[in-house]
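So that you can tell them apart, the chains are marked A, B, C and D in the order they are listed, and the count of residues begins at 1 in each.
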Amino acid sequence: MTSNQWLPLAVIASSLLPGLIIFALPEKRVALRTALNLAGALAKAGLVGLLIAGVAAGEEYGLRHAIAPGIEIVFKADALALLFVTLSAVLWLFTTLYAIGYLEHAPHRSRFFGFFSLCVTATMGIAMAGNLFTFFVFYELLTLATFPLVVHRGTPQAMRGGSIYLAYTLAGGAALLAGIVWLDHLAGPGEFTQGGLLAAIPGLDPLTLQLIFALLIAGVGVKAAIVPLHGWLPQAMVAPAPVSALLHAVAVVKAGAFGIVRIVYEIYGIEFAQSLGLLLPLAVIAAVTILWGSSRALFQNDLKKRLAFSTVSQVSYIVLGVALFGPLGTIGGLVHLVHQGIMKITLFFCAGNYAETLGIHKVSEMDGVGRRMPLTTLAFSIGALGMMGAPLTAGAVSKAWLSDGASAAGMDWAIWVLWGSSLLNAAYFLPILHRAWLKLPPPDWPHEEIHPVGRRETAWLLLLPPLFTAVLTVAVALFADSSFSPLAWVRLIAEREYPNISP
Amino acid sequence: MSAGLIYAATGCLLFVLGLGGVLLLKALLRRILAFNLMGSGAFLVLVGLAQRDGTPDPVPQAMVLTGIVVAVAATALALTLARRWHALTGREDIARVGDAGSRARRMANDRRKVGR
Amino acid sequence: MKALWRSLTVVALLGLAAALLVAVLGLPPAPVKLAGEVATNLGASGVSHPVTAVLLNFRGYDTFLEVAVLIIALLGMLAAGLPPPPPTGSRNAMLPTLARLAVPLMVLAAVYLLWAGAFRPGGAFQAAAVLAAAAVLLHLAEILAPWPRDRRGPRLAIAGGFLLFLAIAAALLANGGLLRYPPEHAGLLIVLIESGLTVSLAVNLAAFFLLRADKT
Amino acid sequence: MTPLLDPLAWLILLPLLWATLAFLAADRHGPMLALAGIGGQLLCVIALAGDVASHGSIGHLAGGWAEPLGIRLVADGLSLVMLLLTQGVALTLALYARSYFSQATPPAFWPLTGFLLAGMNALFLSGDLFNLYVTLELVGLAAVGLVAAGGGAAQIAAALRYLLATLVGSGAYLFGVALIYGSYGTVSASLLGSLITSEAPLAVWLAGGLMLTGLLLKTALLPFHFWLPPAHGGAPAPVSALLSALVVKASFYLFLRLWLGPFAALSEALPALAQVPAALGATAILWGSWRAIRADRLKMLVAYSTVAQLGYLFLIFPLLGTGALALQAGILQATAHGLAKAAMFVAAGTLIKVGGSDRVLGVAGAAAHLPVSLFAFALAGVTLMGLPPSGGFLAKWLLIDAALAAGQPWIVVVALSGGLLAGIYVFRVLRLAFRRPTTHDDVPLPQRPAALLEWTAFALAAGSVLIGLGAAPLLALIAGVQP
């Protein structure tokens, strides 16, 4: 086995093995568990670094294992896979740190971190899947591994959230499976191919392909929280904050969006999808989702629910970018895959800090919180401004490329959608910032658990991760033109997906 | 019509009669007897059909001997269970599906409690 | 509803009966005739009665499994729980006399049936059935006490006959197949098996009647 | 290898031997005899697997007589997979049962198990319709004895109902055999395969109908499922596992064998016939799942899940024309379900034994104190739902592929909705297990069960999942089957 084969496996094993060991650990072995978690996360980051260097240099990483005639588990770590892998690996590191602080005195931590690692493993599998079969295997594994996390608290609301999550995702999985097997039956193994697998096969019935497209998109659309398949996401916010981070930024919704990217670009091929007339409906659905999510967010008093609806809206930026025919839209969508993750994880970390430190769960309780927790609120503000697309934040970069992509694709209405959404974002984020910074704090916080010590407004492990990601939010914008930014990487991908058009 | 065919035809009727008995009767003992009727029907067909041209065939006769032993064993087990069932509940039939198990359970539990 | 269901069943059964009759009465002759094959190979079977030849040689494997079925039925009775011993002292005064007269004759008849099996109708199962009936008669006459659950003797007899059959079946693997008798020893081996089986089957059948729960 | 050690013959002799010895020893050395015996049987299957893999099919003339006079035993890929499943599951269950019955073993449990295994092995290896009848009775009566074990009224009622069903089933089968012998003068499955043509007389059609219906009754396919839930749900956990995982598969195997072998000409002459088992199977999936969703007791839930899962096995019949695909799907489903259902029953047994309640609600909070058993239950559930990477998933994939190839899209819909329904009843248990117990002060935490109880369940469940990743040799074995 060459290093080109074992590196992708090692990336998967770096979270799988610690996860399996953690399951077997007794609850009290805190130090060992923490060490395993961090070792896994750091090892993964290192391995991903090696992969990035290799892929940038034109190396190809991959592995195949036949489990039945015509059915193979295929891994390939191409540029697109690495975009998602890197995002998840980096955010996993932060989330692990954060979760260690967040769950310091909670029960069942072995179970929690075990499933947490499994989730990340599944995400790595999804990112590096080389065909639809492998994608599906890890996609369903992700569903199963997130369920125990969503219901972790064991409360009736958690149970309800968990059931709704399952109902949506399992049904979506069934649709996806139907589509994948149908495709497999028509066109052979659904190998992800640059330029599109189906584009290269002549004589397929367009109507069948459109039906299969609908099944596939419905399947992955559940996780991407496309309207009307988004109902689970706001319900699942009952989970602990690190799980929300996982759902909204690291793994689940990203897996759905990433699936759409793979299906459009590498199963159908963007040009072939355009010729089948699939892109316009997809763009319309994305636009509806963007506006619907934003307008629902306006009316949520529960902070995490507001953030959840915001995710519904923001993830469809990615889908919109994919559906805009042309490299500019592709770049906008793919770069938002990364940017949305960084920004949204910051917001959820902060929301978790408010809840853990002061017992704040509602927007109406946030008056003056900026004075009590200035650093957290600063991070929150940066994330929120990013979501609105304010200059010097990651959000601005995404939106600029998306707008350019929309006009290049001749879909100027999409620009209006983006602007409208930005306005709505401002309408539901600015009041929060106004309350937090400018209003006077109440005499007592709802449930103050952690008391300040000097400059430390809450536990270090809770404070540092959002600060890091807030810094990242600005950094990816400031250094967007450098050769190490997500944008640069995404341009590399776009060049490979559109060999004939230079962005 | 040869003697063999008459046996076989009788066997067919016996089999259907037995089948009807198992399906339609209630009392366990009758159902067990009806099952034996089914078996006898099969044995008659096995032997009768094979010698419908007049020449006896030892192979089905041996099979019938084997079948009889198997039927004896099955009947013995069925009677044992029926006797046990009767001893436990005083009933000669088994009640309708759904509730029977739980009702019998409850009765057994009650008896155990009383025994204590 | 229930009446409808019953009448539907009856109609279906009548239909089945009619179809079976039509099928059986109009059956063309069978293409394979085994009677001839049996007659041809009878010489190598070790016995001269064709049914016994089929039962213990040509299809001896069926018989081997059939003995297991009988043991299983007994095990099923053990599993379900044994009935309590019958009350004593209620016997009819005639019974012991009858039993004492009949049982020696029955044993004699059983031995004859076993011996006759080699060349005319008869054999181990018939002999065993007569022996078991003798045991039941003795039991009813309270000459033979019920057997407690863990009594060693009956188990030994039942298992012994079957194990003998099993040992011969296994040993004959060396000859190239399960129960593949060498023609020159077939007669002897079959007698051995049949004698063992007679004991085993007789005790097995009698046990259905005689095995009783311990007095506690 | 010397003929004395012929693994095919010893697969039948060995369980008979240890079962008889266990009977002789009056329940004293049962576990030891069983473990040694089944271990030996497993070695026999492995040895046989080597032969079958290189020769395709192994024959053995019992008594040394060729057909039609004698009985021919045959091992091919299909029987081998079933044998492998049987010995593998049985060995694990024997370990579990040893621990589960550590206080008191139901009388005759071990010898009955031995005879049951002997009957199953004999059934998988037999190529003679009448001999198959004897093996069917071996299996059926031993299974009834196991259901009766314990001797409570509920067990006896379940056993009686099961006994009557199984006797009517084998009675119908035997009558069919009688008609077949009358029509052709032989009961050799391989000879009949060439003798029976589409112009077969009415008697043969009736025989086929009676035999196959009898087997459906024994396999508990809807509408003949009525006896299964009380029998499987009421027996002690190791017995439930044995029955649900293996015994019902034996009669399914025979159904499939008859369909592919002797009666192939009939089903080809009237292709619409194949829709009958498939339609019944589809109804079974929906009805069984529904009852499992509504079940009040945990083991009834698992038992009704068996009713549903058996339905999948019969979906393959209209698809058998598409080459090996459908057969592979069916056998893989049988294998994966066997492992998963055994795991689920023994995990449920542990949950009930430790938790003290046999209701579904009794599982509440089990994730905290019985994580391994619960994880086993969940993994088994993954297989039943047909989620990747389990064996159940691969089977479903192959089934859907075959259904598309055969142009039967309704089977795709049934297979997918069956998976979703399974999701409902599996997660009904799992989400309860994650629920925080409402009273934690006054109820002392239950004692931890023996590790063996938990890990045997886990091993079976893990097997049912891993088989999805390592199915290639198994599928190759089935692809090599010539009906």
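Side notes on the structure shown:
Going forward, a residue touches a chain if its C-beta (ideal position, glycine included) is under 8 Å from a C-beta of that chain, and two chains touch if they have at least 3 such contacts.
Just so it is clear, the model here is predicted, and its values are computed rather than measured.
Counting C-beta pairs in contact, the pair that comes out ahead of the other among C-D and A-D is C-D.
Between chain A and chain B, the centres computed from C-alpha atoms are 65 Å apart.
Rounded to whole angstrom units, the spacing between the C-alpha centres of chain C and chain D is 30.
With centres set at the average Cα position, the gap from chain A to chain D is 43 Å. Averaging Cα coordinates per chain places chain B and chain C 17 Å apart.
Shown for chain C are the residues in touch with two or more other chains, namely 20, 24, 27, 30, 33-34, 38, 58-59, 62, 66, 69, 72-73, 76, 80-81.
Residue positions 69, 130, 134, 137, 141, 144-145, 148, 151, 156, 159, 179, 181-183, 185 of chain D each touch two or more of the other chains. Working note: touching chain pairs come out as A-D, B-C, B-D, C-D. Those residues of chain C whose C-beta lies close enough to touch chain D in the complex are 19-20, 22-24, 26-28, 30-34, 37-38, 41, 57-62, 65-66, 68-69, 71-73, 75-76, 78-81, 149-150, 152, 155-156, 158-159, 162-163, 166, 169-171, 173-181.
Chain A meets chain D in the complex at residues 23, 66-69, 71, 73, 107-108, 111, 133, 136-138, 140-141, 143-144, 147-148, 151-155, 159, 162-163, 166, 170-171, 173-174, 177-178, 181-182, 184-185.
On the chain B side of its complex with chain C, the touching residues are 1, 5, 8-9, 12-13, 15-16, 19-20, 23-24, 45, 49-50, 52-53, 55-59, 61-63, 65-66, 68-70, 72-74, 76-77, 80-81, 83-84, 87. Contact residues on chain D toward chain B in their complex (touch as defined above): 69, 130, 133-134, 137, 141, 144-145, 148, 151-154, 156-161, 163-164, 167-168, 171-172, 174-175, 177-179, 181-183, 185, 226, 230, 233-234.
Within the complex formed with chain A, the residues of chain D that make contact are 328, 365, 367-368, 371, 375, 378, 382, 385, 387-389, 393-394, 396-398, 400-401, 404-405, 412, 416-417, 419-420, 423, 427, 430-431, 434-436, 468-472, 475, 479.
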